[in-house]
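Shared between the two complexes below is subunit A, which has subunit B as its partner in the first and subunit C in the second.
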Partner chain A sequence: MTAPETLVTPTATGRSRSLWARYSWIGWVVVLGLALLFPYVVDRPRFWLPNIGVRSLWLGIIAMSLVFLNRYVGLLSLAQVTIAGISAYGVGYVMVTLDQPFFIAIPVGITAGTVAGFLVALIAARTKAIYFLMITLALGQVFYSYASQAIEVTNARRGLAPIKKPDLEIINLNDITTFYFAALLAAVICFLLCRYVAASTFGMALQGIRDSPERMAALGYKVNRYRIAAITFSAFIASIGGVVLVFDRAQIDPDVVSLGSTLDVLVVAVIGGIGSLGGVFIGAIILTLLDNFAQDFTDRYMTLTGIVFILVLLFAPAGIAGIGAQVKRAFDRRRKNASDPGDDPQQEPTATQPTGEAITKGKQQ
Partner chain B sequence: MADPALVVRDVSKSFGGVKAIRDVSLEIAAGERISVIGTNGAGKSTLFNAIAGVFPPTTGSIHLFGEDVTRLPTATRAQRGLARTFQTSRLFEQLSAADNVFIALGGNEFRGGLLRPARSNPKRWERVERLLERVGLPGRGEQLVADLSHGEQRQLELAMALALQPKLLMLDEPAAGFSPAERGHLITLLRELPQEITLLLIEHDMDIALAVASRVVVMHDGEKILEGTPAEIRNSARVREIYLGGSIDHAA
Partner chain C sequence: MMLNNWKGLVPTLAVGAVVVLGVTGCSTGGSGGDGGGDAGGDTIKIGVLATSEGNLAFGMGEAKAAIAVAMEAIGGTVDGGEIGGKSIEIIYAGTDGTSGSAQTQVKKLVENDDVDIVFGPVSGDEGEAVVQYALTVPEVTFVNGSASPVGMTLEGAENFFRFHGDSAMWMGGLGDYAYDEKGYKKIYSIAEDYSFPYDNAGGFFSEFCAAGGEVNGNSWVPVGTTDYATIIAQIPADTDAVYVGLGGADAASFLSQAVTNGVDLPLVGGSIAVDTTALSGDANIASAAVGTITGGPVPGAGYDNPEWQPFVDAYVTQPDAFPSPSIFSILYYNSFQSLVLGLQEVDGDLSDGHAGLRDALGSLDWNSPTGQISMDENRQAIVDNFLIEVLDEGGTLVQKNISEASGVTQGTTVYDRFEGCP
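Moving on, here comes the complex of A and B:
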């Protein structure tokens, strides 16, 4: 028996045969269109652009770096905010302390963050599951206390300020609309970069490591090197988020790398969908909206955020971005049950990127 | 004369206080087909894992094609030409069958071009399709691993091991859970393997073990107790006693 010709070019995931996947690019075009129109449709751009727009973008970029690691490598890192913070500190140090221009500061910042990620990877890549999470959390806290105290480098609690937005004569990022578009460009580039890496041969290998590191070793892959490379890449993405962050805030202080900020990014990733690179921006928008408007009707912003977080975990474990797939699955199941009652062999975890799986997976193996 | 494919010398392995295998020695010439049989708990899998490099042996040494690999990691052994399958499925479950083989192909051959999009590598996808055909999964490439039957998953295991173009192929109970038809197909497939591939098969299904091998090693209680041709093993009173007296599943 010979195989038909068409089978020679399978897909990277085997799932893009579905109509939804084939036309998902239309969805992205719509989203991008809305993002481009955003500055012109909101009633108070001076409020909306920095507080919701730009903040959602850098929160989303940092969360995307976390989601990339979780989805493609099966590692949940709590050091992404720290890495973004190190990048931001790098920019701040070069611009404020060394009084150098932005075009030196930005590469220095991104390099600092990426190198920090590489160092985190060297320490943490051998661990997995809950141990990886704990180590990254601990390293983040180490940096937080360093940043709060190292007066010569980070200026301790006061932080480094002012960090002026670049002025390129033709393009002046001090104009908030222009800055918003620059941040949007950074987010789009990060998104495309993550997608590209995920679909590369390297990305395929990462997914193999996520599903079965033992098998990958038996196939001759140096699993650790791949993990280190992936963590470093995600640190690079987080560092870009850190650069947007630092110019948005115009300063950098230890609050940026606090546990609270780490949790913010985790909440963004989970609400948006921890298996979805693009979903993080939905999560980020929801968080910034809550942050800005919750106080209008309650003093308990944190409680409200917590409730939203729990509701998402309960009813949409794959996040807002996973709701479509969830509804489709429920619909399929119903149709299947109607034709074949009493039998439900549907394999749940394969259709979504599970939230808890990355944490528990290591123990099963 | 070429180095033997595999030399296992006085290998023991203890887990805590339990000695899983004791002073096992084994030599396999290049191109030979060996089966290791034994009941559950005989130490087959421990021996297998020690050879594959999952853990180092407590004592003893392992040479692969003349090179001491006793302390080398799994990945290095794979790069030296050792491919293995797993007894319990360790496939890449969230990916398709074709993706699984695609990744397997990368282990040994693929150095440059890591950042090239996986899809734009038609040559490699063609090899994926050929391997799937070879193990009896033609046209099943697009299926997610989770949607494959148990038997198909075992076939996929085999495709992935073959993808490495191994010099030494180690199969850990490849027929577990197979239907009789699938067993027949597996036997044919293994018999048709190119002569230069050395085969080490671990089975407690005697039919397959004896049908494929030129030499059979019997393990019991962590020790190698017997070695001989399939005919000798088939007629051995000792083997019959072990299989009928011990664990009786899959007894011949």
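Moving on, here comes the complex of A and C:
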């Protein structure tokens, strides 16, 4: 009775996995459909689109760059917000200080952020784990101090404003719905790009380096070059987030690159799931909802955010995105336990046998 | 294995998104219900921005105390009341003092809570962000709380009003006093490196230099600097006084090191430099602080405006009030009371895009606890400013009112970091 069952279970799991694999696109279509419907199902788009929608998207994009590095390279970088900020400052500098149009500003911003990421990589790529985290944190703080004081470039505390959204005749990004869709498009492209890079031979090599740098080095891979390339790529993603951010906020000031903003993105990544590229958007939505509505329940709204963070860490260590797998595991375990009691009477005699053997062994000793 | 993991995520993502959208839908429904009483109805909604987290977390308590004083005087409470037959509903939104948090909360007040009037914010960084936002929602009227950057009323936002001085005006009269009365000819400037001290120092030195004074050196230091030894060593020997544009704790650090380094020069304090509680802690520092002159919107001991004491008496009865009103409660009170007077003048009529209310606010002229407040063409107040000297009265430091500079008007210079005279 038991033997065939135990043989069937793994096959069933395998089949269910292949089912998920086959129909996973349905899940993505549903998510994308909901995201596309979002402006039309909320009754106050002028609030929901900027405060929840667009903000979640740029928070998610920046957090996704962090998750990419963590998941595929095994590095936890706290410089992603700084890189996004540098990109945002690039856009702001070109548009406000140099008074140039957006089609120059956006490439300059993304280039500035990506180059900054490359420079961070040159310094930090030789380290890993806590040392990498600390170096990236320190570099972020260096830039924060610079941004707070460099009047000629960043206009110090006052920052650069106003940074107006582009109006392209056919597409006017000043319309909040249009801007939301543009941000959504950016997020989808970033997500697909991350997935593509992760599945490429380059991405495979990165995962190999993550799991065993020594072995990959022995195979002839230049481990550091791969890390630098990965960090630069994630900086490119973060820079795109920075561009969405700066047009959303219409200004850039040192608060954007402060420690608080860095922690926001880290919280988003952890709540969403530090190993999940798509989960970050759930984390971002939760954080923006908390930012906007936690005050309706308590004056100490930051404490509430902290409690949610702790609860997620305690009960869903893989983040919200990991809950599916967690529930499935729990379900499997329960099903397994449920099938166990029937076996117990049969197992009892067998259980005594080893005990008997142990006694014999004890006697022999 | 690695590639398989994300597949488990898909259903989660879908379910998560559905749940989140469900939640957002519910919340929207709730707020939609609230939206019934907006402009044109019988309820006037005032959204208050104040700091409830971070360094200035006490801002919310001070804002509520100030608003309660103004509302209780007309039979209302901290949460609302009635003006001209219209009921007033006050909604509070807390920030952490950063521009990002102010942007989030002001959008929520306007777009989700549907307020007619935004009142606040506290900090300068927030103020700059809120003015930029005000430019995009001309249908909402904004009354500033205590944010004091000079540029805020120079942005051309027709719907933005400030009923107190900016941080340059807070030094109004002090430059002349330092030069003429104190006889300081050369002043060395040490100030924190951000926008508030730029304006604050700019206001002082523009007047001081115009009177004939000279700045014989500037040091701009990051906020939180604890080591002033190298800066103290740079102060030229022929300096008559040192301008201290530092916040409370930084000012105490500077004074303590100045004392141990044997610097014995009189001080001119920025508006937030003199915190008698911080300075009283050490006898040496306390003695060094005696004689410091400073300027600001808060009157010192001995101020004799008959409106002042009733305000203080009403303020101290509020829950969580300090022993005496802080700069935030004073500015919030003056501003909120101005708004109340404006609303009373039009009987709460917000029709025609708040035209009546804005005219009333723009031509307001009333005697506040800190002196006469009237408005200029930029919707910026013309106010009295206070010159204060730190005195030692029986072992405790007291900020004594020296005089008031009446009718201080706003300049049009937005100050940046400067070398020498601004």
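In this text, the second predicted complex is superposed on the first by the 313 of 365 C-alpha atoms of A that agree within 3 Å, B and C clash if a C-alpha of one lies under 4 Å from a C-alpha of the other, contacts with A are read in each partner's own complex, and residues count from 1 in each chain.
Here, a residue touches a chain if its C-beta (ideal position, glycine included) is under 8 Å from a C-beta of that chain, and two chains touch if they have at least 3 such contacts.
Just so you know, these numbers come straight off a predicted model, no measurement behind them.
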Partner chain(s) touched by A:Gln100 [first = subunit B, second = subunit C, both, neither]: neither
First (subunit B), second (subunit C), both or neither touched by A:Ile285: second
Touched partner set for A:Met302, first subunit B, second subunit C, both or neither: second
Which superposed partner A:Val197 touches (first subunit B, second subunit C, both, neither): first
Contacts of A:Pro50 with subunit B and subunit C, given as first, second, both or neither: second
First (subunit B), second (subunit C), both or neither touched by A:Gly208: first
Subunit B versus subunit C as contact partner of A:Tyr221, first or second or both or neither: first
Partner chain in contact with A:Val41 - subunit B first, subunit C second, else both or neither: second
Larger contact residue set on subunit A - subunit B or subunit C: C
Subunit B and subunit C contact sites that coincide on subunit A, given as residue numbers: 17, 199, 207
Subunit C partner contacts - residues on subunit A that touch it in the complex: 17, 20-21, 24, 27-28, 30-31, 34-35, 38, 41-44, 46-48, 50-52, 55, 145, 148-149, 151, 156-159, 161-162, 199, 207, 249-251, 253, 255-256, 258, 260-261, 273, 275-279, 281-282, 285-286, 289, 291-293, 295, 299, 301-302, 320-325, 328
Subunit B residues touching subunit A - in the complex, by the definition given at the top: 52, 54, 73-76, 78-79, 83-84, 86, 90-100, 102-104, 106-108, 110, 113-119, 121-122, 125-126, 128-129, 132-133, 138-139, 141-144, 146-147, 160, 163-164
In the complex, subunit A residues that touch subunit B: 1-4, 7-15, 17, 196-197, 199-205, 207-208, 210-212, 214-223, 347, 350, 365
Subunit A partner contacts - residues on subunit C that touch it in the complex: 2-18, 20-21, 23-25, 27-29, 31-32, 35, 52-53, 60, 93-94, 96, 98-101, 103-104, 107-108, 110-112, 124-125, 128-129, 132, 135, 149, 151, 193-196, 220, 222, 416-417
